[in-house]
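Each structure below is given as structure tokens.
Note that subunit A is present in both complexes that follow, paired respectively with subunit B and with subunit C.
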Partner chain A sequence: MSGTTAAAVRRVPRWLSLPPLVAIAVLLVYPTVFVVAASFTRTTLARPLQEWTGFANLTSALQTEAFAGSLVRTVVFAVSAAVIATVLGTAVALLLRARGGGFGVLGTLLLLPLVTPPVMVGVAWKLLLAPAGGALTSTISSLVGSPANPLGSSTTALGTLVLIHVWQWTPLVVLLVFAALLGVPDELLEAAALDGAGALRTFTAVTWPVVAPTVLSVLFLELVVGLKVFDLVAVVTSGGPGLSTVVASFEVFRTGLRGDYDVGTAAAMTLVLGLIVGVVTAGVSALRARAARAEA
Partner chain B sequence: MSLHRRPSPSSSELASAAALSRRQLLRAGVLLGGAAAAVPSLAGCGSGGGGQALAAATGDPSGALQGATLKLMVNQPHVVAFRDLLAPEFAKQFAGTLEVTAIPYDQLTSKQILDVQGGAGEFDVFDYFYFGLGALVDAGALVDLTDYIGGDPSIEADDFLPSIYDVYTKIDDKRYGLPFDGDTHVLYYNVSLLEQYGQQPPTTWDEYDAVARAITEAGDGRVYGAAVLGQQVPMILGCSFVNRLAGYGGTLVDEQGNPTLTTDAAKAALQHLLDVQPYALPTPLQVGFDESNSAFLQGTAAMIDTWTDLGLRANDPANSKIVDGWGVVPLPVGGPNTTPRTALEAGFGLGVSTASQQQEAAAAFVAWATDSTRNLLLASYGGSGIDPNRTSVLDSPEYAAASAPATEVIATGLRGDPLPWPTDVQSPKRMQDLVDQLALALSGSQDVETSLSKAQEAWERSA
Partner chain C sequence: MTPVSQPSAPSRSSTPAEPQPDALLRSEGLPEPQPGAQLRVSTTTSAAELEQLRRARPRGPHRRSPLAQVGVRLALVLVAVVALAPVAFLVSLSVRSTDDVLTGSWLPGSLDELAWGNWSAAFRTIPLAHMLANSWLVALGSALVTAVVAVPGAYVTARAGKRGARLGAALLAGYCAPPVVAVLPLFFLLKEVGLTNSVVGLALVNGLANAPVAVWLLDSFVRRVPVELEEAAWLDGLSVAGGLRRIVLPLIAPGLVAALLVCTFLAYGEFLFAVSFAQTTASQPLTVGLSLFQGDRTVQFGQQAAAALVGVVPVYVLAVVAQRWLVGGLSQGALK
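Our next item is the complex of A and B:
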């Protein structure tokens, strides 16, 4: 640090850091302390932090029929949705870039699902997939010749939610990967063409090394969005049929705010979910870091 | 692999490291101290149990309402009753204002608890679910109105329907509100659809199955024999199960409050929900209020077991294609039971929030809004979502005219011995546990016996 810069830094009063510190304390530290404290105490919606219960809430959470399954469903949902959205979004971005020019009107139209409020997305798909009179279910039924109700079956409901989620979040991948593709040097592409490289070879040898960190970052982002999914489940299936679409965040909501009012167990569930989110995202984050190092 | 030996730290580096370590320790100490300080303060956010009590009013209780502005948290389907009917009356009579906030039914109890315990204290009056009464009282969210009600003969407490008065308002010999919406279920049917397919209104659940099957099979996807409400929340699937449970002669708990979910009646009730699924508007687990009411009012579902106020909407040409084309019968019976019995499905009371700064005015409003004049106005208005809470209203020619031809069936159900839901502090959790297990059976994930055994265990654990 140069003397001038150091002097400039010294001139900035330290109290100016107070507002962000207060904001962090209010928005991050306080809720975190509360969740940790609630998870180790008997805490209901009406009476927080009544008495120390050790790991009783954690045990209770893991013994809950819905929660154990919801953790598996959450990971399955997030991983499958993130992978499908990333692959699909990357492919669309490559096609948009291949036709030349900018993002264009077509690209903007593709972004519409992304800017639609999640609740509206849920309501729209719920109507489209209504078992009686739903536009999409009626079409599918007439095509297959028997009544179709993908949200009404335990075996297809979660997969249907994955597809709706992919529909909404793929445009984000398109947007970010398309931006990364603009950074692929034209001279490299021309050199590859002069060397007689085909489309696949050009992609793997020239394009991919440049966009890989972005694609993996987007995968990471999609994974986080998928692990946190709540609104789609709440609006479209409310966790049903049975418990087949109850994901962890929805189960935390049910336990803490609907019926049980057992905030202690809900807090313990939140910690377990946080742990799983950490483990899953750490893997993708490591991949992304490796790709970034390779590009450098 | 190359090994690089790290040079020994200099004394200044060691001093720096020690200083850093001290700083880190200091920071950690401050953080832990903050956390330790925060926990008791968090605990101080709420201390439930034991609400306040309001003494009997001195003088004319309605005097407290003159020019008053009251904030009400109400069940979303009741918003017409409060905003369009009561608020104008209130303004006219007392020059006061009602500020109405509507909350979705599945969040009502938790929002009311949070309003008090979270410290917001924004509302004066709560429109509460009766089966959440124990949870609200445990949370200290409702004012004890025992003395207030007892000290005001103008409330005419004897006029409240005996079948709902105590169960809607009383916990441990203390009264926390007054009945507002006396909710029971009846079975509505579409007269022309039943005639078209040669069917009679059912009196047993077996007959109901036969009617549903005949119409659905002949309807070829255009009409369905029954709309069965099965969304996985107590207010919907819970009601459908309890209707059948009452019909088969069962109960949710015995006289000592012990769960009775594995009885033959309970098994028959759940089995009936399973059996009728193929012949109901698809698919019961996805069918809620909107889907079922719409199907019945548009003439695509022939039968529906639901709240008594649907008849008022069915006669409104703006909402209905079956004006004067519907009939009503008591809920069917089944098994060894031959006596029709309805159930108290998610009724409502009005209570005073302990966080209210004007509890006397709030209590006076509760008394005013639940009196016979207001109840007659609301129960006779299609779309208000309010049913009778008083004997005098049930007996009045005005209500009989408005609710015809359902009047007699509604009156018989409310005057009889309708099956109540539990109202203890664990009731919301218990009903959700039950509904989860019912949904697992309906989705084919487990059989009837397993579902009910698990529900029974869950209820016993939470006792």
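Our next item is the complex of A and C:
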């Protein structure tokens, strides 16, 4: 790595930071201030921040039947999707490495789910899983011998959304972990083989230590992506059946920008959601940093 | 079986995440650095390595039983089928009548009665052409905004020591926050400046929102530019900003292409901001248009599939054409 000298650091002019600071101000600082202010005032779409109302908005948010559940669903969704995608993606990357060669045609195919806009992903899977006419539902139905409708039941709908999300986001794991696997020195693998190590032993002793930091980074990335989920829910289930797939982002949206346009309550929900996401990501991020230090 | 002792590719470095002198060789097929940059340096080592690896070692590095190889291949074929099935089903749906679709089969019942009319009907059911234009305007406009923010941003995070690290942390926080946190505040901000129901407003918001991703991807590309090159330019009287433009920018071009492609795709597919800030048909991008199909009582399978494909196919073409940059940029930029 080309060393950046202290003199060079001093020479970087401050105004170069201005464009990214504007982005941070518009997307992080201003929204945070606004959300806090709107949480404690009466706010409508026509006139924001009218008068101080204390904790009325927060109370209303926490008393909303759907909201507490939506927070739990968001965390469950993000954690399960991140874990499944990371495990599956790492497995596929290992398969690719075992096959030998580069990405090839499969790499090209795997790019497609990744670049498909989530709305289109939702449309495709909603059609695949339509109770009448969905090819996947009719295939599952003939396999299990009774009519299947995974999106129509409140016990399976959220899990189905998780799998759709996993379909879209596993390829990123494959891509990044495979690139890291190319960094495992062949000499080590050959030495391990000569020493009579089996596939599992080679993986735990040689491969894993090299790719572990990448796998953890990818897990973190997938967690962040999962916590943002909105599009799939909006397109595929609109939160139903019942409230079974209402995630936090969707709850904020439908409270503040649909229905009664209850902006104050939506702002209070946003505040709670922001705090939870902040705590979760900061916690995981700290764990990751500790793991990285332990490696070094 | 390929013998174990086969020599590995000549310039393959053992750790792609770490730049080495020979890894900075230019690989073919990448764009020429702009005139002015005399060193032929490329930073898409990973893409180049993938290519070299594919050529040099078609069989894999280790001896495996033929049975295991067959198992590995079968599993990968299964992965490919799962990756492709939903898109393939869209293609199938787009040329079938509703009656045919309701049989629940994956493929058209008869090749003689394909319902090509779905495609033109989709353009009538929603203003598809207009919305597609909006989507691309938002995507390309936002990529421009992202570039203006991310190039100096990545330079600061890579070169400005502690100050850069602080900026990087703030940008990461901005990326981790769910976009819904910004929706209500930005709605009022855009309303205040008259940019709701506006393609320009969406391009601005998306451009700023994607900047952290681009900075994150570009950072490692900037770090690989030898600082000595810049120092030489400074001695010749160039300012730091001048050096960024004349020396660094041409050298990080492959990374910039990758980062802006990723951000173009992100903005093109963005939905939450679009559905919140664009209430008029004139300003709505395709993602919103597609969600409007949902309101119908009878599911228009064929039309919906055709409309989704109209939106997705250009992205696929772009992704496949630019695969080399995308894979190189993602795998190198995201791994630190």
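Methods note: the second predicted complex is superposed on the first by the 269 of 296 C-alpha atoms of A that agree within 3 Å, B and C clash if a C-alpha of one lies under 4 Å from a C-alpha of the other, contacts with A are read in each partner's own complex, and residues count from 1 in each chain.
What we mean here is this: contacts are C-beta pairs under 8 Å (C-beta built on N, C-alpha and C of every residue); 3 or more make two chains touch, one makes a residue touch a chain.
Computed from a prediction, not measured in an experiment: that's the story for all the values here.
Which of subunit B and subunit C touches more residues of subunit A: that partner is C.
Of the two partner chains placed around the shared chain by superposition, neither subunit B nor subunit C is touched by A:Val279. When the two complexes are overlaid on their common chain A, residue A:Ala132 makes contact with subunit B and with subunit C alike. Once the two complexes are laid over each other on the shared chain, residue contacts for A:Asn149 go to subunit B alone; subunit C is not touched. In the superposed model, A:Pro48 lies in contact with both subunit B and subunit C.
In the superposed model, A:Val235 makes contact with subunit C only, not with subunit B. Contacts of A:Phe103 after superposition: subunit C is touched, whereas subunit B is not reached. In the superposition on chain A, A:Leu257 contacts both subunit B and subunit C.
By the touch criterion stated above, A:Phe34 is placed in contact with subunit B and with subunit C alike.
When the two complexes are overlaid on their common chain A, residue A:Ala191 makes contact with neither subunit B nor subunit C.
Counting contacts as defined above, subunit A residues 30, 34, 45, 48, 130, 132, 238, 257 meet subunit B in one complex and subunit C in the other.
On the subunit A side of its complex with subunit C, the touching residues are 1-6, 8-9, 11-13, 16-24, 26-28, 30-32, 34-35, 38, 45, 48, 92, 95-96, 98-113, 115-121, 123-125, 127-128, 130, 132-139, 141, 167, 171-172, 175-176, 178-180, 182-183, 185-186, 189-190, 193, 214, 217, 221, 224, 227-228, 230-231, 234-235, 238, 248-249, 252-253, 256-257, 263, 266-267, 270, 273-274, 277-278, 281. Across the complex, subunit A is touched by residues 31, 34-35, 38-40, 42-43, 45-49, 106-107, 110, 113-114, 117, 135, 138-141, 221, 224, 231-234, 281-283, 285-286, 291, 295, 300, 428-429, 431-433, 436, 439-440, 442-445, 454 of subunit B. Contact residues on subunit A toward subunit B in their complex (touch as defined above): 29-30, 33-34, 36-37, 44-50, 65-66, 130-132, 147, 149, 151-152, 154, 238-244, 254, 257-262.
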